[in-house]
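This report concerns only the one structure given below.
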Amino acid sequence: RDQIQVAGSSTVLPYAKIVAERFGETFTNFKTPVVESGGSGAGIKEFCKGAGEDTIDIANASRAMKDSEVESCKKAGVTDIQEVRFGYDGIVFATDAAGPDWQLTPVDVYKALAAKIAVDGKLVDNPNTKWSQVNSALPDWDIAAYIPGEKHGTREVFEEKMLIAGCKEAGGIEAATASGLDEKGAEAACKAVRKDGKAVDIDGDYTETLARIDSNKQGVGVFGLSFYENNADKLKVATVSGVTPSVETVASGEYPVSRPLFFYVKKAHLGIVPGLKEYVEFFLDDQMVGPEGPLAEYGLVPAPDAERQEQRDAFTGGKTM
Amino acid sequence: MTDITASSLPVAAPPARRDIGLKKRYAAEARFRMYGIAAITFGLVFLAIMLGTIISKGHTAFWQTTVTLPVTFDPTLIDPQNKRESDPSVLIKANYDKLAQQALISKLGIDAKSKPEVAKLKGFLSDSARIQLRDMLVANPALMGQTVTVPILASANIDSAFKGQVDLTVPEARRKVKDQQITWMNQLAAEGTLAEKFNTGLFTYGASSRPETSGVGVAIVGSLYMMAIVLVLALLVGVAASIYLEEFAAKNRLTDLIEVNINNLAAVPSIVFGLLGLAVFINFLGMPRSAAIVGGITLSLMTLPTIIIATRAALAAVPPSIRQAALGLGASKMQMVFHHVLPLAMPGILTGTIIGLARALGETAPLLLIGMVAFVANYPATPFDPATALPVQIYMWANEAERAFVERMSGAIIILLVFLMAMNLTAIVLRRKFERRW
Amino acid sequence: MNVMNEQKIEEAVKARMTAGTNEVIKMRGDKVTVHYGEKQALFDVDILIRENQVTALIGPSGCGKSTFLRSLNRMNDTIAGCRVGGKITLDNEDIYDRAIDVVELRARVGMVFQKPNPFPKSIYENVAYGPRIHGLTRSKADLDEVVEKSLQKAALWNEVKDRLHDAGTGLSGGQQQRLCIARAIAVSPEVILMDEPCSALDPIATARVEELIDELKQNYTIVIVTHSMQQAARVSQRTAMFHLGYLVEEGPTEKMFTNPDEKRTQDYITGRFG
Amino acid sequence: MSGLTAFLFVLVVGLIAFFAGAARARALDDGKIKAHSRPQYHGAWAMLLAVLPALGFLIVWSFGSGAYLNKQIDERVIAQTSEKSAVSDTLVRSLADGIKRLDAPANTNPPATMSELMPLLAGKGVTLAPDTQDYMIPIALDANSMASRFGWLGGLGALALAVLGALYGIRQVAVRERARHKVERVMLGTLFSASTIAILTTVGIVLSMLFQTIAFFSEVSPWSFFFGTVWDPRFAAAGSGGSQGQFGLIPLLAGTLYIALVALLVAVPVGLMSAVYMAEYASRNVRSIVKPALELLAGIPTIVYGIFALVTLGPWLRDISAVLAGGSPFIQAQSILTAGLVMGVMLIPVVSSLSDDIITAVPQAMRDGSLGLGATRSETIRRVILPAALPGIVGAILLTASRAIGETMIVVLAAGVAANLTANPFEAMTTITVKIVNQLTGDLEFNSPQTLVAFALGITLFFVTLVMNIAALAIVRKYREQYE
Amino acid sequence: MNVMNEQKIEEAVKARMTAGTNEVIKMRGDKVTVHYGEKQALFDVDILIRENQVTALIGPSGCGKSTFLRSLNRMNDTIAGCRVGGKITLDNEDIYDRAIDVVELRARVGMVFQKPNPFPKSIYENVAYGPRIHGLTRSKADLDEVVEKSLQKAALWNEVKDRLHDAGTGLSGGQQQRLCIARAIAVSPEVILMDEPCSALDPIATARVEELIDELKQNYTIVIVTHSMQQAARVSQRTAMFHLGYLVEEGPTEKMFTNPDEKRTQDYITGRFG
C-alpha cells in the first residue's frame, strides 16, 4: 500500500483534508492520503481492528480515546498508539445575523433547555417557553434551540460546560440531591435536555443547523467556531459569560466552551506505510497547525506554542499510550 | 348487394332507454381520469420544483471566475541561490505564491511596498495558483525567466462575490471578501482580465479543501466503476435469480423462503449493507478499503432485490399461452424462457434496473462504512484503488462550512441527474424496442 | 363433403320458409370502410340488420367479418390505428356520432369474442360483472338469479353450479366460451354480436346455443359470424357473405343458400371456392 | 505466466473446444438417427468441460500458491530477524513488486543495498516503506522467481486441464448424447446459485450484526429494549455505564411504521393512478416522456429531498398551519407529515413504473371483454385490469414500503432525530434506520451499548420486516388471479 | 369399462394382425388417469393410436379430450397441480419414463392448441422458430423454404406472403390458427396433436387443413380433437368418444358413425345427447 489511510471524526475531517491535500502537493513522491469521514467511534473501531496492510493508519477523533477502546485495541494487536492533540474546537451559540445581540450565561442555557430546573430549591418541569422568561435581558423569542445530537462529541461538551455548570450555579444540584438523588443522578438530572420540541437535536452537520436557523429566524444554534467564522455573514454569535468567542479567546481559555481535537497514529505502521511519518510531522509543523497556518485560518483554535512543541516532541520521541 | 327495396323498410323504434346510471358512471370515469392526470401532474410538478431548485442553485457551478495574468518565472524569486542544477527539489519548494502575487500587483498597479495593500491581496487568487505554476515550470524548465500569460483561478470568495452571491450590505468585518478586493475585482473585470469561464475543473478535479479546485472527477470515475459493477452483477444475478424462482423453482417452502427473503432484503436499510460489505468483503475477504470494487459489490447486493422483484413481476405477466406455444414446439424450458419469456419481460426488467440503478447511483450510507465517504484527491486507476462516488461528493460538499461548496453541490447533483437521464434514455430506447401488447 | 352439407343446408332452409316477414331495421351500415393503419380491411359495406332476426356473416377467413362485427359496437376504437369510415346507425342514430355514448352503445350492442376471454375472476363474478357495472340488479338475490339464468341460457349451469366461485380460467375451452356468452347475455343487450360463438363448442352445446339464439331473437337482434354453413342455415334469417373486405351479397338465408345472385357465394357455400 | 494470460488461454481452448465439438456433432449426424442435441450444445458442453475445471484449478492454485509464497517469505524473514513481525512479509512483497517494475538487468539483479536500490525505485515512481531492509532484497528476488515459476506451473496446469477437458468433451460427442441436458443443467445450476445469493446476503447480514447484538443484550436487558417506551441512550462517556441510557424500541418502531405509512399513502395512490393513466389513457408519446420523467424522481439523491423538506416544505406547512389556526402553528416544521410527503414523492416512480409495466402486460382480450360488455374504461381498469395485475402491483407496493422503511436522509432532515412517541402526524418522530445510522457514525465509544444498539436495531428491523413480508406473501397468494 | 376396453384392444390387435401390413401402434395409453389437484379429469383411459392414421377424439365439451391430448406430449407437465397416472407409450417407450427427454418428445409429438397462440413476433419468425431451435435447416435459404412450405401447407401462404415480417398477432383469428398449424408442421414431428384446429377456420381453410391432414398422414400420425362429427367422419380412420372423463368407445370411424357399440356414442353422434 502506498497511500496513507485516515478515518474518523467528521469534525476533524476538514482539517485533515487541508493537511492531506497540502501534503500531497508538497511531497510529490507520495500520494495524497485518503481521509474517511464516519465519526470518531467508527474511526477508532477501524483503527483498533488490528495492525497490517489492510487496516487504517490514523484515526481522527473529536474526543480522547476511551480506556475501554485502548483495551480492545491492544487485544487486537494494536499495542503502540501515539496520541496527538493538535488543537481545539470552540463551540459557539449563534442566531440569525439580522437578530439582536445575545449575551448568554450557562445559567440561561440551563434554565431554557434543561428538562427539569430548580425553582425555589425544588426540581420542576421546565416551565419556560420564552427566552425573556429565562432572563429579561434576552429577547422575547420562543425558545427554539438547535443543539448537537447525542451522536456528537460536541453534545458532551455542551452538557458539561453549559448545562452542568449552569445547573450548579442555579442550585440545581442541591435541588436534585434534596429530592433524593445521589451525586451521579443529580448530574444526570442537570444535563437532561427538555424533550418538548423546544430543544431540537441535530444529528447532521452544522450546515443542517444553519438551514434550521434559516427557516426559523428566531432559533438559536450551536456551532463549531470554524463553521461560524466561515458563515459570519449569516450568523450572529452570542457571548458566553461576557466573552466573545474567537480563536484568541478560546486559545487563552477565556471563552469557556471548547474541546480538544485528536488524532491517533498506529506506531507499527510508521515503518511500513510510506510517508506516514512525514505526514504526521507535516501536520504538526507550525506551517500547518500554527496560528498563521491554514488550519487556524479555517477556524481551528491552535494549541499554545509550548503544547504544540510538546506534541511534536512526544511524537518524534515515540511516546505511546 | 343489398336490395334497394330494403332501404324503404321502417326503422326500429328505439326501445325505452334503460337506466344504466350513465351520468354517474361518466362522472366516475371523468373523476378517474382526473385522478390520473392529477397524479401525474403532482409528480411532474414536484419534479419541476426539485429540478428548478437544483438548477437555479447549481448552474453557476459550471462557471468559474478566472484571472488571466502575465506571470514572469523570475529566477531570482524561484531559485535565488541558483542551485536547481544540483538540487531539483528547489523547483518544487520555491515560493510560487509570490510569482502570482507579483503578477497581480503589477496588473493592478499597486505599490508593492505598501504592506497593508499587499496584505489585502491575500485570498484574492486561489491557493492553487502555486501548484499550477509549479507544475508548469517542472514540466517545462525552459520557462524559467520567461513571461507567460496564465489563467489563474480566483479564490472561491472572489468567485462568489463576482457571481453576486455575497451579500455586500453586511458589514465588511463579517464578510470574507473585503471592500478593497471588490474594487479590484471590478477593476479587473472591466479590463477583461477577470472573467467567468466554463468550469472544466468541476469535471476533472478530485476532492479538494479549496472550493475552486474541487471537482467530481474522481467521484465520476468511482461512480462509473461502481455502476458498471452493479449493472453487470445485479442485472445478471438478479435476472438469473428471477428466472430460477419464477420459471424453474418448485413451489415449495424453500422457494417461499427465498421469495420472502428477497422482499425482506429490499427493506433492509442501506447502511446495513454497508455493515455487510465491511464484515464480508473487507474484513473477511480482505478486499481493500475505500475501493470501488467493494462499493460496487455492496451496492449490487442492495440493488438485487429491486431488480428481482421487478423482474419476477414482469416474467409472471407473460401470458401462459406463449409459454405453451413454445413448449409445444419442442422448445426446452430454458429455450422457452430465453427466447420468448425474457424478451417479453424486458420492459419490466429495464424498469426495475433503472429504479435500482438510480438508487445505487444516489446512495451514500452503505459507502460510509466501507470507507468510500472520504477525501480522495487522486484518480483511481483500477476499481481496487481508493475512490469516492458522486453522491458521496454531494454529501460531503453539503456538509462543508464554506458557502462556495453549496453551488458545487448543486452542480454535482445536476451532473448526477444528467447521468440518470442518460440511463433513462437508454432504457426508453430499449423499452420501445421490446414493448408489445398482446 | 359437399353432398352431405348441401343436403343439410336444404333441410334447414326449408324449415325456415314458413317464417313470417314483418321486418324492421335495427342497424344499418352505409359505405362502411375500415383501415388498420395502411391496410384497408373493409370496402364500402352497405348492409341492413333487421330487428328480431338473426343475421349471419359468412366468408373465408380474413375477409373482414370480425372487423365488421367489431365496428358495429365500436370495439374497433380500442385498436390503435384502426379507422372506420362511412356511417353505421342503430335505431337510425349514427353510432359514430359524437353525441353517441360508446358505453351505452356497447351495453345495447353486446359482444361475444372469437377467442374466449373470461376474466381472471370466479365464474360467478364473470357473469355478475355486467349487471353490476350497469346497476341492473337491486339486490344480491336478483343478481344471483341473473347469474343463474344467464348460465342456464348459455347451457353451462349444470356443469358449474357447484363451483361458481372457482376461477373462470380453469374451465375447458368450450366451457370458457359458454361462460363468455352467459356474461354477454347477463347484460340483456338489444343487439348481440357473436364472433363464432360455437367454434369451441361440441355439437350438444352448439345445439343449445343455437336454441338460445333462436329464443333470444324474440327479443333481441343478433348478428353472428360463423364458419359453419349449416349453422348459418339453421339459425339465421339473413345471411351476408364477405370476401376480401367486400360485402359480396346479402339476402334472406333461404335465397342465399339456394339461389344466390353471385357466383362467388354459390361457390363458397358449396365449398368449391378458393 | 500471469493469471490473466492463463485465463485467456483457457478461454481460447474453450472456444476451440466449442467449435470442434459442434463440428464433430455435425459430422456424426448422418441423418439416420435423430440427434438428441444440436451441434451448438455439444460444442457448448465441450467448452464447459474445458473451461470450468481449468478455471477452478486456476483459482485454487493462485490462492494456494500465494499462501505458500507468503509462508515462505515469512519463514525466511523470521530466520533473518528471529522475531515475528506481522508486517515484514508485506514489506518484502511490495519490495518484490517494486523490483519487478525495474528495467531489464536490475529487475533480476538489483543492487544489494537499499540505499542504492531506493533511487532506482523512486525513478519508477515506487515508494517503499522506510523499514525495508537490505536483507529483504534477496528474499524479494527469490519470491519473484518463485512466483513466476508458480505462475507458469499454474498456467500450464490449467491449460493442460483445459485441453484434457476439451478432448474429453469432444470425445463425448455422440448422436444420442444428451448435451443439451447437460448444458442446461449447468445453466440451471447457475440460475439456482444466483437465487441463493439472496439467502447468502441474508445470512451475511445477520452474521455481521449478530455478535454485536449479543454483546448489546449482555449489557441491556432485552425486555427494556423491546418494550421500553423511552429512547434516550445518553453517553457512555459521562462516566456512566450503558445501563444509564434507555434503549426503548417502541418509539422508533412506531415512528418507522408511521412515516412509512404516510409515505405509502402518498406514493401508492399517486403512483398507481399515474401508472393507470400512462398505461390506459395516455398516448404512446406522452407515456414515453412522462414515465422516465417520473423515474427521475427516484434518482434525485435523497439528501436533496431532505434539504427541500427542511428549508422549503416544512416551514411552508408550518406557516400554513399558523395561518389556518390563526396564530400558533399546529404543524411543526419537522413532522411526520413532511417526511412522509417528501418520501412519498420520491417513491412515486417505484409504484408507477413497475405497475405501468404490469398493467401493460395484461392481455388486450381482458380489456376487450370488459369494454364489450359496456363497461367504461375506468370500470374496466378498476374491476378487471387492476385485479389481474394485482400480484405485480402488490410486489411494487411492497418494494415501496421497503424503501420507505429503509430511508434515512429524508427522515433526518424532515422529521428530525427526536424519538418521540406520538400519534399526531404534525409532530416530529424518528425511525429505526435513522438511529442505526446515527449511533454507528457518531463520536460514540465503539464498544459501548450506545453504538452496539445499532446492531440490535438492525436485526430487529430485519425481523419485523420479515414478518411483514411473510404476511404479505400469504395475502398475495390468496388474491392471486391468473389470466388466460 | 375395462372389460370392454380390453376387448377392444384385443379386437384392435386382432384387426392389426389380420390387416397385417399397415397397422402399427404408434402410441398407446394404458389406464391413463389425470387429476387437476383434487379434481379427476380422466379415468382409466386405454387407447391405441395407430401409425399413419388419423385418430379423432370426440365428446361433449369438458369431457377431457384436451386433457388427454395434452397428456400425449406431456404438455400437462406445465400445469401446476396436474398429475398423470397410468402409462403412455410412444414407439413402445414410456413417455413418462425418467429417461425420456420431454423436449425431444415434444419435438416428436407436436401440438396445435385450441386457442391460437402466435408469438408476438413476425409471421416468419413464428414459423422459423421451431426449425431454428431444432437445427433442422442448414442455411437461410433452407429455412425460407421450410417457412414457405409450411405456410403453404397450412393454406396461409397467399394471404401473408407479402407481409411475412409483420406481427403474427395482427392476423385474424383464423389466420392466427393457420399460422399455429404452419408453425407446428415446420418442425415435422412424427405425431401431430391438434386441438380443434379448424374451429376458427372457414370451410375453405378447413377443407385445406383437412386435405393437409390427409396428406400428412402418409408420413405422420395424427390425433385430432374436433367438435364436428362431419369433420371426424371425413378425416379420421379411428374415432374415440369421451364422456365425463371416461373413454366410452374407440373404433374405426366407419363403425363408430354407423354402428357404435355404445348407446351414448350413438346418441352423441346423432345429436340426441345431453
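Lettered A, B, C, D and E in written order, each chain numbered from 1.
Keep this in mind: a residue touches a chain if its C-beta (ideal position, glycine included) is under 8 Å from a C-beta of that chain, and two chains touch if they have at least 3 such contacts.
Not measured: the values here are computed from a predicted model.
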item: If a chain touches chain B and chain D alike, it appears here; value: A, C, E
item: Path length in steps (a step moves to a chain that is touched) from chain C to chain D; value: 1
item: Per Cα centroids, the chain farthest from chain D; value: C
item: Closest chain to the centre of mass proxy, which here is the mean CA position; value: D
item: Chain pair with more C-beta contacts, D-E versus B-E; value: B-E
item: Chain whose average C-alpha position is farthest from chain E's own; value: A
item: Averaged-CA centre spacing for the pair chain E and chain A, given as whole angstrom; value: 83
item: Cα-centroid distance, chain B relative to chain C, in whole angstrom; value: 59
item: Chain C and chain E: spacing of chain centres that average the CA atoms, whole Å; value: 29
item: Between chain B and chain A, distance of the C-alpha-averaged centres to the nearest whole Å; value: 32
item: Junction residues of chain D, two or more chains touched; value: 180, 307, 363-364, 374, 376, 379, 440-441, 482-484
item: Multi-partner residues of chain B (each touching 2 or more other chains); value: 20, 25-26, 320-321, 332, 344, 368-369, 398, 438
item: Residues of chain E whose C-beta touches two or more other chains; value: 103-104, 115, 133-134
item: Pairwise chain contacts under the document criterion; value: A-B, A-D, B-C, B-D, B-E, C-D, C-E, D-E
item: Of all residues in chain A, those that touch chain D in their complex; value: 1-2, 9, 11, 29-30, 38-42, 44-45, 48, 51-53, 61-63, 66, 68-69, 72, 77, 149-153, 155-156, 159-160, 184, 187-188, 191, 195, 197, 200-204, 208, 211-212, 214-216, 268-275, 277
item: Interface residues, chain C side, partner chain B - complex; value: 23-26, 28, 46-48, 50-51, 91-93, 101, 103-104, 107, 133-136, 190, 221, 247, 249-251
item: Contact footprint of chain A on chain B as seen in their complex; value: 92-93, 130-131, 166-167, 170, 174-176, 207-210, 282-283, 286, 288-290, 368-369, 371-378, 386, 396, 398-403
item: In the complex, chain B residues that touch chain C; value: 1-3, 6-7, 9-15, 18-22, 25-26
item: Chain C - residues contacting chain D, complex; value: 73, 75, 78, 103-108, 110-113, 115, 117-121, 129-130, 133-134, 167, 169, 180, 183-184, 187, 189
